[in-house]
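What follows is subunit A paired twice: with subunit B in the first complex and subunit C in the second.
Let's look at the complex of A and B:
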């Protein structure tokens, strides 16, 4: 059917054109620039020196590797903690109780909240003169703001992790709620009638059932937190610095040579995310085959 | 479940809800009290000074209808950013729906070669971070003349939005039965009429969710607007970011409240539709 084929091509062209020219075009041109191709300053030869500089030169190596370490730590910690907290929240909130609808709404409230606002909220609550510090001083836990632990703009990335937990726990929560709702309680009741205790029901009934959705949500959250700019830019410190912030600052550097390094960094971030995603698919596929 | 455990469970939920809502409480206290000094938990006095400084509420004594109109007509920065954010959001949403509609129909209803590959290409911007494409694109946009203007910002917003709109609407069309259209056609309805009376009502609920979602993604875009807009296109997230970095909590809180208002409104209206199976939900994680 030639007519149908034409229809398919015509329908798919506009969105594909946008993705190809803007998205892949942007990546491709960024890649070219990371190889040192910068017609604006008369550089046409291609080499990997920007990658080498970023990763191994004396000037940037320390910044890069600590940044990468911070990136991995923040993404793993926030994804894991958000998933665990959301799982407990979703399991707890299933039963009916007073003000359930309101609680449900509050638990989903951060879902549409922009990351930027969540980061500002974390500053308001967790900084040394924030709401929690005030509450702590009110009940006599701390004497001065300095006694409150540094949780925002700290070198371990706690503030960044907190912001991502705040935001992504709501995302996990919504996904888990819908999975649990569609499952109903039949499986659990069956397990219970067969003599399974609470832990066994959780470990061998609920967890395997929600795991596929939890896992695919984790990969989205991980990939996002690995490459996002706003939250670490607001809640991070100058050293160690997360890679997206570092890439952006290289890029904005008035020295045009630093631009190649910024591009190289952004390509490195993309490659790491891609490797992790592929690894994830490979792992899940292997698991499906095994089962 | 034994009774004590049940109680602990419920109190834990209340505690969780309280902790989750703390930032929101802090936003409101900060925005409506100009001098909220440590260690006060509750501010000594309420004040609208932040809103006056942002030129959203007139000074005391001028708070009449005319006073408001006059102040807002003077085009304060927040109103300007708000209008930019709104208009970019609307425009991008409409354009993305129009572009996605035929593609989603084809992807949802037909089977053809390379379909999986095309879907994979379509969703790739949802996995790779924006910083991976926007730095390179920025240079391209400068040479094409799209940098630093409204059009360029709209165009770049399409990149994160397109995948979700296509995905959500593909999901709608996957559960859609085109036979009704054939019936309408055999009964003599023309193409336009069939679309307006048969297709549109069937896909409308899902389309509204996709549209609200697309709007929200555009609404909360910081990095793309900042880079492509080159500081010339001011939107609300840019204003929030710069105010937050300069460190005035009252002003930051006031702008943030304006910024999050539509988000909460949209959650309120779509909470029924938002579930783990919807393609749009996956996008919420990335706003």
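Let's look at the complex of A and C:
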């Protein structure tokens, strides 16, 4: 028994070492930097002034809070809309019909595509010099491509939301298809025989059945979109700026003192995401205990 | 109280080389408890789903109280189905599950609460309203599913293999409960089963279905005593079959002339088959019988507790006989014996 346990510990040691060194080591060093520890420029004193600067100083406070607002808006909106789109897509094509394979393919095609490519795709299609603007201008809907609404590099983050919807709907779709297929149609048929109409079947049967999986997937998507850099960097504006972009710009600043602010911002992003994850686990555990 | 007529019902699926349901005709009287009996894949559940409206028939009609159901959507038919695996909504407690149908109809919450209480008392589970389905045993889940189906006073109640997922002792309990409730509420009920014992114990009438075709629709007693064909007889445990020809009000067979009293003699073809249940055959070491007595040789004797089964060879034909073990004569393998086929217990069927 003891030998067996030792064998398990020994076999787990190499991956655990890598995880602890790279992940927790990196986070710990980043946290130290956010507290002002920068030996390269002779700063060894630990304090929370970088956090204070980012959140409350006259210079950065407005940037931070509008950035946080934009982050929350973009993440909530893109997660919610991608989930809704995927849910209705999955419900529409789960039953056998002639276009099922094609629809399935189109949805799944997005999954392996890098976010960067999707962001470029959004520029090509939705920007004022993009395909839709030119097409609308060609067919006379607008006088010139410049009259096309600003959907990319706009202050509301529409372009970023579009990119995330495009990308994450596929992720939701794959999960929902697998859930719906494992559930089958018996619950709906039963509800129907008990007198539930189409809307009632959706509201009282399908939605509660898929909600746990949809909620779990939403947490993952929200956490990702909240902390991701490349799409907001490509499709965002200078002000308001999403927090990951702001953090990276702090980090690229030639003034090495700004690195602490960059790291503080990164840690704040990580803490917000972690709070959400903990909240999610707490809610699910509470539900399990209640059941 | 609802009368159901199924007329020339046909349903095919692209994946099958024969119709799943082939020209079924049934008249089910109001308040009857009917079993659809047959092996897996014979089309029983497909018929059930056509009655609920979950499947549309290719042709034929389903008439409930003189009104065709085909144009009426499932949710408005008043036909409620209880599925084989109960399908209680896992995110609802028992009260919410049972009250589901009334909630869908927009009934007032106080009335729903009252009806739910009544239904749970009816299925003898008055104190479990706040439990979630996974906190219930299989038997309790089945009862809750039944309560949920009955709460809206369905015109027809359909039960898909209602006892198949239960242990033997729970099965007996549930069987009694279904019969009691059905008789109390007088709701026209159809249940699907592949177990002939279950069908016999529960049903007023049994529709025997093979390969999508109705073989017979009659009382359980008739399946034992007067089966319509050899398939039906075999499904109900028939083992003795003898080729016969009509012969001057009697039947001529390979073991000799058999005196026949069945009322269907005039309906029989020239060539037919006679059958007799093993428990209706009598044996004697001396020829004590006046007619239908044939000399044979005991091939095997198998004691099975209350009964003893004998295999007897009569002129190259093997017959099987089952006698009560109590007070049995001493009959052994290789004994010569006289086999009596009582004329009122013999039944002849067209081939």
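Definition applied: the second predicted complex is superposed on the first by the 286 of 291 C-alpha atoms of A that agree within 3 Å, B and C clash if a C-alpha of one lies under 4 Å from a C-alpha of the other, contacts with A are read in each partner's own complex, and residues count from 1 in each chain.
What we mean here is this: contacts are C-beta pairs under 8 Å (C-beta built on N, C-alpha and C of every residue); 3 or more make two chains touch, one makes a residue touch a chain.
All of these numbers come straight from a predicted model, not from anything done at the bench.
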item: Superposition on subunit A - do subunit B and subunit C clash or fit; value: fit
item: Subunit A residues touched - subunit C or subunit B, whichever exceeds; value: B
item: Touched partner set for A:179, first subunit B, second subunit C, both or neither; value: first
item: First, second, both or neither for A:33, with subunit B first and subunit C second; value: first
item: Which of subunit B and subunit C A:50 touches, first, second, both or neither; value: neither
item: Touching partner for A:264 - first (subunit B), second (subunit C), both, neither; value: neither
item: First, second, both or neither for A:161, with subunit B first and subunit C second; value: neither
item: Partner chain in contact with A:187 - subunit B first, subunit C second, else both or neither; value: second
item: Touched partner set for A:209, first subunit B, second subunit C, both or neither; value: second
item: Least C-alpha distance (whole Å) that remains between subunit C and subunit B when both complexes are overlaid; value: 9
item: On subunit A, positions contacted by subunit B and by subunit C; value: none
item: In the complex with subunit A, residue positions of subunit B that touch it; value: 1, 6, 9-10, 12-14, 16-17, 20-27, 29-30, 38-41, 99-100, 102-103, 105-107, 110, 112, 118, 121-122, 124-140, 155-156, 158-159, 162-163, 166, 216, 219-220, 222-223, 237, 240-241, 244-245, 249, 252-253, 256, 259-260, 263-264, 266-267, 271, 274-277, 281-282, 284-287
item: Of subunit A, residues touching subunit C in the complex; value: 186-187, 189-197, 200, 204-205, 208-209, 291
item: Subunit B partner contacts - residues on subunit A that touch it in the complex; value: 4-5, 7-8, 10-12, 14-16, 18-20, 22-33, 89, 92-93, 95, 97-99, 102-103, 105-125, 129-135, 137-138, 145, 166-168, 170-171, 174-179, 213, 217, 220-221, 223-224, 226-230, 233-234, 244, 247-248, 251, 262-263, 266-267, 269-270, 273-274, 277
item: Touch list for subunit C against partner subunit A, complex; value: 49, 52-54, 74-77, 79-81, 83, 85, 87, 89-91, 100-101, 103-105, 132, 134, 148-149, 152, 158
